[in-house]
Every structure is written in C-alpha cells, then in structure tokens.
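Paired with subunit B in one complex and with subunit C in the other, subunit A is shared by the two complexes that follow.
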Partner chain A sequence: MAKGGTQSRKYRLQGAGLDLALPYLMLAPGLLIVLGVLVYPLWDGLRASTEAYRYGSVVANVGMQNYIKLWSDPQFLNALWVTVKFVALSVTFEAILGFALALFCLREFRGIRLLRTILIIPMVITPVVVAIVFRLIYASDAGMLTAISEWMGGGQVQILGSPVKAFFGLVVLDVWEWTPLMFLILLAGLQSLPHEPFEAARVDGAGNWRVFADLTFPMMRPVLAIAIVLRTIDAFGTFDQVFVLTRGGPGEATRLVSIYGYDTAFKFQQTGYAAALFVTIGLVVLALAFSAVRLLRRVDAS
Partner chain B sequence: MTQSSRSRLTRRSVLKGGLGLALATTALTAIGLPVPARAAGKKVIIGAFADGGLTPFKQKIIPLAKDAGFDIEFLEDEYGVTLEKWFADAKNSAGQYDLYLLDDPWVPQFGAANVLEDLGAAGIDGSDKDWIGSMIDMGYWPPQKGARVKGFETATPTLICVPFVGDLQTLTYRNDVYTSGAPKTWDEVIAKGKEGVAAGKIKYPVVFRGVSGNPIVTSWYPVFLSFGGSFFDDKWNPIFNSAEGKASADFFVGTMKQNAPSGVVEFDSDQEGAAILGGDAGAIIQYSGNALKADDPTQTKVAGKLDFGVVPKQTSAIAQMGIFIAGIPKSAPNKANSVEFLKWYVSADIQAKLSEAGSIPVKRSAFGIAKPGNRLIPVALQQLDAGALPRPRTPDWAKVEELLGIELNKALQAGSGGGAALDNAAKQVKDYLSSVGYY
Partner chain C sequence: MNSRLARIGVMSAVLAIVLLPIYWLVSTSLKSNREITQEGTLYPHVPTLDNYIRLFTEKQFGAYLTNSLVVTFFSVAIALVAGAMGAYAIARFRLPFAMERKVGLFLLTLRIVPPVVILIPVYLLMLKLGLLDTWLGLIATYTAFNITFCVWMMESFFREIPVDLEEAAMVDGDSRFGAFRRITLPLAAPGLAATAIFAVLVTFNEFLFALALTATPRAMTMPRGTATLIGRIDTDWASMSAAGVIGALPIVFFALLVQRHLVRGLTMGAVK
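The block that comes next holds the complex of A and B.
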C-alpha cells in the first residue's frame, strides 16, 4: 500500500515536469555563482564606464563620452603604445627562448629532469618578489649590476633612471619570469608529436634544420599559437612587476595601461573613466584572442 | 556484492561525499574565524602608512595609551596603497578602521566625499590657541582660508581631521662640511658642498628624490617656495610656471642634479635616506622620518655629524608641510573610543610626552618642554616660524602632482629644461582641471 502510494506520487511529480526541471534546478546554484562573480561585475563595469564620478560618487550618466575621451587622452595613448611595445617584445622573446629551451630539453640525458624543474622555477615565484629582486639588481646606488661594474673598475650602472633602459629592464624581467611558461607548454607539445614522420625523415637523410623547418615547426604551430595567445592576454594585464619596479617611470617610459588604469581608478578616483579604459583594453585583448583563434583554425584547416 | 559494484559511483555516494565536504569546509571555516578576544580596553583600530615619523608614537605613545585604557590595533601599509585602500573603506562603509592617519593632502579628497566624522561636533576644540595654527587649518574642509573648489564655495568649514604628528621639511646637513652652521642659501649649499667633496668628506653636495610623481614634486617644492613661487591663483589657474617657478625648476634639474648622485632620477626616500645617513651626501631637505635617525649609530655611519636647520632660501626660506593628520571614518566600528582617544592624544600632557619621545608635536606648548626627545624639534619650530606651507587644498592634488611629477622627472633625466617642463605641466593641469569643472 505504502509502496503503491510512493509510486503514484512519483508519477504525479513526473507529470508535473519535475524530470524536465530537475537538471536546471541542479544547475541553478552553479549558474547563480557564475552570475554573481562573473556576469554581475562585468555588467557593473560596463555600467560604470558610462558614468562620471566625482569624489567617489556618480554625478552624471555620460553615455559613451568616457570612451571617446580615451582617444584624445595623451596619457592613455602613451600607456597603450608602451603596453603594445612591451607585449610584442616580451612575448616574442619568450616564444623564441621557450621554443629553443623546449627543443633542448626534449632530449634525454643525465640530469634532464632536474634541469626541467629548475627552468620552471621563475614562473612559480610571486611576481612582486621577482620585481623586488630585479630592483635590487638594477638599483644604481647599491644594485648588483653596479657592484659588478665597480668591481671591474667601471662606474654606476643606470637602468631605472633611463627611459629606454628601464623599459628594456622591464622586458628582461618579464622574459625571465614567463619564458618558463612558454617552455612548459611547448615542451608538452613537442613530447606529444608522433615519432614516425621524424624517423622517416631521418631515414631519408634529412638534417636537423630540415627536420625542424619541415616537420617540427609546422606541426608545432597550433601549440605555439595557443602559447602566444595565452601569454599575450596575460602580458596585457602585467601590473605587479611594474608597480614595484618602476611605478611607470621614469617619466612615462614604463607606464602600462594597467598602471594608468589603476591610478585613474583609485588614486585620481575617476572610476567611470577607468572602467571605460579597462573595457576598451578588454575588447582589444578579446579581438587579439579571437584573431589568433581564427588564425589557428586556418592553420589547422591547411 | 562484487568489488566493482561496491566502488561504483552512485548518486547517493556523490551526495554523501558532497555533504561530508560541505560539513568539513564549514568546520574548518569555523576554526579559522577570529575568536573574539576578551576586550583589553577601549578598542581603537588605527590605519597608518609606514613612515619613520611615526616611530616615536609607536614606541612610546601606544604603551601609554594602553595604560590609559585603550586597546590600540595599529595597522600599517605602504604609502602608495593607503589612500585608495582607506578611501574604498570609507566610501563603502566597510568599517575596517577607527582612525586613519592621513597624509595631509588627502584631507580634501576625504572631505569632498563626506566620509569623515565632524570632530568639532564630537567635542574636539579646533579653536584651542595651543594648536599650531597652520596645522589645525589643514583639518578643515572646506578650508577656512584660501581658494575653494567648486561646489564648496559657501559650505561651512568643518573640522574633519586633527593634526597627529607635526611633520614638515627641514634641512639636514653635515656639520663637518658646513662648518659655520646651516647653509643659508642654495648657493652656499652647493659651493660648500663642493668643497666637502674635494676634501673627500662626502661624495655629493646634495641628494633628493627624483622618482616621478609625489617623490620628485616633494623634493622640488621647497626649492620652488624658496624661489618665491606660488602654485595656483585664487581661481585655481596654475601659476607655478611663473618666472620664479621656472628658475627653481631649472636650478633643480640642472645645478642640483649635477651635484647629486648620478642615479638620482630613480631615487626615492630609501635611497636619499641611505645617501645622507650613509655619509655620502652633504645636505638634504627632508621630513622627519630619516632625520630622527641622525643620532642613532645603528642607523647612520655619521652619528654626531648631522645637524638640522631651516631650509635654504633664494628669496625666502619656506618649507613644505606634510603632517600626519587623523580622521575618523563615519563607518568606524569604535567611533566613541576613537574620539576619546583623540581627545586624550591631543591633550597638552600627551603632546609633551610625544615631544619627549622625539616626535614633532602638534601643540605649541609641547615645543617648549625642557627636554625634547630630538634636536630636530626646536628646529621644526624655527621652520614653522620662518615659513611652512601646505600643498594646495584640492581633492585633485594627486592628479596635479602626477602630471607635474612626470614632466619634472623627464627634465631631470635630461638635466635641463625645467622651465619648459613647468609650461607643459601647467597646460596639462589646466586641461585636467577644466575637464573636471574647475572653471
């Protein structure tokens, strides 16, 4: 009797569409969390980007004015240009070095596991710590480079006081820290390549360069593209290292958009303008990623 | 039951596992929650930026406050992040602090945002004649004197902050280089400093901060004031690029750079402190943070060789004031305790103790005690009497300082073009202030 009652209740609920609703009900908590932590902040950022703030409060809705103003703001344009140069140089060097290291570490020899472990250490160190270490290397008064130079009979080494050297100093820091990520991704890619084409090429008498140019590189292109896209997106958001090392100086030589946006939002309290800046940068990065993915598909298809 | 059926993933096992995980997480979270401590007194959470000028307060006054029944929690942060952190705390009513020890140029920002308590209404007497006038003036928003920004022209000045540690710039110099006392003029600083370099006593006549933004503007400001410059007119038009201002900037990026360490463009307070305390520099204009270390052989290589004086002059000897100033956020969790603490702290007795501890007090009576804890204190009073000015009282000072600092830093890199840098900065400042409705 009791069993029959439960059965009929189950059928009634099924009839009411519980089975249909159940998957959605089970998804609801996760969906709510995504809405709360991802969609809401994005929407709020977009909303803020259309508002003017004074003294930490909204004073007017200005529509697209903040976006339009960006393109006549010399400080933003300079920061964007510095960022583009920084990303292009850093990611290029990281890709070349990372690929070279991955090719070298593909071989098996005594101590290779230890070497691979050592090579990924920089990327697991906190960026702020890396920046402090590089500040101690670059400082003209008591830095390591100056100490070495003076020991060799030279003078002080000026890195952070010169716009060009400070910029390249920042690139070197980034390359040191993030080449290991490239190396790791590319090594994984190389290890997953099939052996047969390489063996066939060797049998046919192909040399190292021919094998690299005709087999390794073409086969690695999709992995390389993914690694470059990931690093490019990440490099656009570089903040900690610059904040600690140069704060954007000397002058504006190392002021990336992340630093300018941070100052604009928090130091100068132009929240709406900063939101427009970050939305714009987000769109630029999104466009880059989208183009890279399309490129990747085209490469795959060919 | 077979082995495979026992280890099969079922809905029940997932639910049981999930429940177990949730319970474990809750239990761990509960363990990690701060246990409310038995109140050791009247709780006051003080937020401060790390600065040597607060060392006497931390070492000598906090223990006294504990004896007086206050339970002080002192939270320190790096200077560069405190403004935004505290502003967000106040604006969002987060209630993480009872008292902010602000840098005085931040008062207008907090005042305009209306996030600080009215301390006058809370019973703190801003008209007490014992206050150093120029210091208590900085606690009012809008300011009692001088130009006011738009929107606050007719508002009644309210005491939202009270001076906490009375810092201002003074000259620190090597008494074995400047043997006839503090150099009176900039020309004397350079000329005698060069003699000191030639005699092998020092490496550079002067040292200062060259980093873009606040550091370089802070170092240039007393030079600018001593050359007779003014920053804004009464309508907020930038006039710092006057003939006097340009002369000061040219002197700063030219003569001063040539007589400073070669890496001065990247120097901030830590490097300039190392240069003077390490015995390399002959003279420096600085706030009290490093000056307080001048007699401590564990912190300086030239203990006994550093003396203090008023800043050198070109036309006048005016320094920049940069006091620590205390405000209570409206969201403070222990507001009544904070007001009580401030009343206790600014009393003549405690200010005298602060002076004994070696810090520059904010009440005039405390300058007159028999044994001030530091030789700098009477010199600070001399400087106050000779002339000391705060930075312009505008909520947009941070942006103005940034624009000016970038241009000055570029000129310092070049070693020339100070006047042109001021022209560029003045245009940018004017454009910016126009864009936010100043005119």
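The block that comes next holds the complex of A and C.
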C-alpha cells in the first residue's frame, strides 16, 4: 500500500507522455527570448570588444588591444575613480540614514503609515524626472536654492557650475532617491528579528546603546550587507540622473563610467572600444557581487 | 514627552526633505518662463496651465505617453507569462543533470550583469534587424530583462505553495499543466501581482535603452521624450518642469495605489 503510494506519487511528479515534455515546453519561451535578446548580444558584445570601428563599421580585429588601452586611458581611469567615489559616498550615507530611520520607525506610532507612503515617492519617480527635480533645485536662475537665498536677501546660488559642488549635488540626489529603499529593506529586516533576545537583554538591564551594539547590529549584519551590495551594484550603473543633471560635467567632475562609455559609443563612434569598456564594467560588478556573496557566507558560517 | 517631540521633529524633517523638491517641481510647472527666471517667486503668483497644454500641442507628449503605455504593457505581459511558466518549471521539476537549477542560476547571473554591458550589442542587433526606433525593438529588449526578473521572483513564490494541492488536482484527473493553471497560478496571484507591479515600474522608467534605441516620437517613451527638452543652452524650465510632472504622475499614482505589493517586491530577496 505504502509502496504503491510512493510509486503513484513518483508517477505523478515525473509524469508521462506529454507531461514528460512539459518542463521543457514551459522553460522554452522565456529561455528563447533571453537567449536571443540577452545572451546573443552578450556574446556579440565580446566579439565587438575585440574589433576596431571607424564610423560604425569594423575596420580591423585588434584582439585584446581595446582592453589594454583602457588602463592607460586617463579619461577612463578618471571616470572609474569618480564612479567609485560616487558609489562609496552615496551608499554609505544611504545605509546610515536608512538604518537610523528604520530604527526610529521600529516602534509603531501614529503617522508611520504616512511616512512610509511618502518615502515610496522618491524611488518610484522616473530617474530622469528626479534629475529634472534636482536641476530645478540647483539652477542658478530658476533654482529653489537661489529663490530661497534671494528671499532671505542673498544672491544667486551656483551648484552645477562648480566641479566639487556638482559632484556633491549628484551624491545628494542619489541619497534623496535611494535612502527610502535602504530604509524599507532594513525596516523589514528589523521587523523579522526574534523578540526573545531583546526582552532578555532588557530584563538584564541593558541600555539602548548596549542592545544596539550587542544585539541589533550583529543580527542585522546579513540584511545590511545584502542591502549595501544591492545598492552598490545598482549605483555602479547610474546613468539617467547624470545624463540629465550634468551630462558628466563640468569638465569630467561627474562623468561616471556609464556616461563615458555611452559617449564613447554614440558620440565618438568608437564602438569596439566602448564595448570593451562595458564588458570591463560588467566583470567588475560581477566580481563585486561574487566576493560579496562569499563574504556573506563566511559571516554566516562564523 | 521628549521622545514624542523628537518623533514629530524627525517626521517633519523627513516629510520636508522628500516633499519640498516635489513641491518646487509642481510649482515651477505652473509658472511662466518669465516668472521662473526673472522674478524667482516661491509660489506661482500667476498660475497657468499653458506649459502642460504646450507639451501636448507642440511637443508630442501624447505620442510619448502612448508609446510608453504600449511598450510597458506588452513587455510586462509577455514576460509574466513566459517568466511564470519558466519559474514553475524550475521550482517543481527535477530534470536530468539538475538542468532546471542550472537554468535558474544562469538567469540569476544574467540579472546581476548591469544592463549597460549589452547596450552596444543590443543596439547593433536592432540596427541589423531594422528594429531601431520601433515599438517591437523596445518591447523585445524590455521583455528579456523582465523575464530574468520574473523567473527569479516567481520561483520563490511557487516554492511556498504546497505540492499536495496540485497532486490532489491531478488525482482528480487534471493534467499537470491544468493543475498549474487552475491551482498553483491562482494561489500565486499575490506574488504575480507584486512581480508585475515592480516590472511595470522599472519598464516605464527605463531611459538608457530608450535613449539608444529610439530617435523620433514614433517610438520614444516618456523618459526619452522628456530628455529631448534638455540640453539646449537656453533651458525651457517651464516645459521641463511640466514634462517632469506629466512623466512622474502616472507612475507615482500607480505606485501609491499598489503600495503594499510594491513594498513586498522591493524588499523581497533581501530579507528572507
């Protein structure tokens, strides 16, 4: 009886006839589209990255030359440096602010619903529009900062004309847009922590700071790490906001690798070189992601 | 009392930081260009809807909106159907050589690769196929991106649904696919909704590929169309701010409408 049961169960799960082909039939549509529009281009991109282009057509196969050239191209190195600075600063601020806000909202109080609703807005608004919003804040003639300054009796405020201010202006934009996501992820993480250790600590008379340092923070480390990794990967590819806000300027102050790559491909028509640049960025991000995953496993194991 | 005061303080600060920039966008969109640049008023003294009317009569925003809606609808719908089936196959079947697991891992890896990496080859592909500046070119691209996301999301939703229910349906004479369609899929509806919502959001807002793949109002989406107003020496702040409002309005409205699902979609994966 029991044996017959397992057999019929197995029969049902493995299926027969048309059911045998079902898994493949169900996987096929998605896989075909992905193979055609993602995987083929990925492969084609690798090919393009070894070619030299002139006016949009291949003129020579140059092997790894494009990749080697990248590392002696001062514009690429600068773009990479600007990107790393931008990502590190933005994500750090977002993590700290988001964590603080999540801790603050952990205890239910009136108005928390409203707060959560409002905080959704920055991250769902089209990034292009977010950039327009910040241009309208920073603009020296039509800007909010200028308007406020003039209202208080001051003069025009210049942000996007100065390299340093424009860079920090971009960081502020990113923090405004993405702190809410950090907040939501960390809040969900905090809410899923078990209650017992905290109650026990309270009974033992631990203060707020001790509870945070000995319990909350260590227990939140995996969630915090994942949130930071997700944001870092995402921030590395930032394009839309810079394209609209500063187009990479003034000079090269806000020119991230994505912007440099785009210009190389579509403005300067150096298709092969740009393809090599993008492949390199992809490898950097993948390496980041994998080392982060390994790091997380080690943290979990210890 | 003290902590209550602190709460009110933090709440107001957060609200002000989030809402003031948005207020300024809306307020600017209701001013004339003269009022914006020369008077620097803090609120529109002579409110006007001219900027909005101009967008639709002179600047083709009706076309951009149509393109966005069509492209978003089809790429999300196709990805949902193909993605849900693929996710189900990965979650439920055990194929030879653990093929289903390899496919899942493969799709996840593709998801981590930043989209910019394939920007150029996708452009070359669409150029070759004559799909530049068409709905189809954008739909194909977005569908592929959405599929990797849908499979990844839906797989975990399907895993949460007990197999017993499907088995019961099959004992009652349903086919495997019938059990999937009539039993599992309806049970996974909340997950499907969260997935769809997130995909709509990302697709509607996408800019980089729209920038590279479209060039005229024939296929330009909202974000792409909005960007055409930018970059001249003399910035038309009035049109730009009105375009910002029009571009953001549908998606913000949509997001607030489906808030609960959205938060789940956004935070899922990070918190198990």
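Simple rule for what comes next: the second predicted complex is superposed on the first by the 272 of 302 C-alpha atoms of A that agree within 3 Å, B and C clash if a C-alpha of one lies under 4 Å from a C-alpha of the other, contacts with A are read in each partner's own complex, and residues count from 1 in each chain.
The rule we apply is simple: a residue touches a chain if its C-beta (ideal position, glycine included) is under 8 Å from a C-beta of that chain, and two chains touch if they have at least 3 such contacts.
Please read all numbers here as calculations on a predicted model, not as lab measurements.
Q: Go through the superposed model and pick first if A:K267 touches only subunit B, second if only subunit C, both, or neither.
A: first
Q: For A:A139, using the defined touch cut-off, is the partner it touches subunit B, subunit C, both, or neither? Pick first, second, both or neither.
A: Once the two structures are laid over each other on A, A:A139 reaches both partners.
Q: Give one of first, second, both or neither to describe whether A:L184 is in contact with subunit B, with subunit C, with both, or with none.
A: Touch status of A:L184: second partner only.
Q: Just to be sure I read the superposition right, which of the two partners does A:G207 touch: subunit B = first, subunit C = second, or both, or neither?
A: Once the two structures are laid over each other on A, A:G207 reaches no partner at all.
Q: Using the superposition on chain A described above, determine whether A:P218 touches subunit B (first), subunit C (second), both, or neither.
A: It touches nothing on subunit B or subunit C.
Q: Is it subunit B or subunit C that touches the larger share of residues in subunit A?
A: So, of the two partners, C touches more residues of subunit A.
Q: Of the partners subunit B and subunit C, which touch A:G63 in the superposed model: first, second, both, neither?
A: neither
Q: Taking the superposition as given, does A:R54 touch the first partner, subunit B, the second, subunit C, both, or neither?
A: first
Q: Between subunit B (first) and subunit C (second), which does A:G249 come into contact with in this model arrangement: first, second, both, or neither?
A: The first partner, subunit B, only.
Q: On the A-aligned overlay, A:S162 touches which partner chain: subunit B = first, subunit C = second, or both, or neither?
A: First partner only.
Q: Between subunit B and subunit C, which residues of subunit A are contacted by each of them?
A: Overlap of subunit B and subunit C footprints on subunit A: residues 139, 141-142, 243, 247, 266.
Q: Can you list the subunit A residues touching subunit C in their complex?
A: 9, 12-13, 15, 18-19, 22-24, 26-27, 29-31, 33-34, 36-45, 48, 101, 104, 109, 111, 115-129, 132-137, 139, 141-142, 144, 146-148, 150-151, 176, 180-181, 184-185, 188-189, 192, 223, 226-227, 230, 233, 236-237, 239-240, 243-244, 247, 258, 261-262, 265-266, 271, 274-275, 278-279, 281-282, 285-286, 289
Q: Which residues, counting only subunit B, touch subunit A once they are in their complex?
A: 80, 83-84, 87-88, 91, 109, 112-115, 210-213, 261-267, 271, 274-275, 395-396, 398-399, 402, 406, 409-410, 413, 435-437
Q: Contact residues on subunit A for subunit B in the complex?
A: 54-57, 69, 139-142, 155-156, 158, 160-163, 243, 247-252, 263, 266-269
Q: In their shared complex, at which residues does subunit C touch subunit A?
A: Answer in residue numbers: 7, 10-11, 14-15, 17-22, 24-25, 28, 36-37, 40-42, 78-79, 81-83, 85-86, 88-90, 93-95, 100, 103, 107, 109-110, 112-125, 140-141, 143-145, 147-148, 150-151, 163, 167, 170-171, 175-177, 201, 204-205, 207-208, 211-212, 222-223, 226-227, 230-231, 235, 237, 240-241, 243-244, 247-248, 251-252, 255-256, 259, 262-263, 266-267, 269-271.
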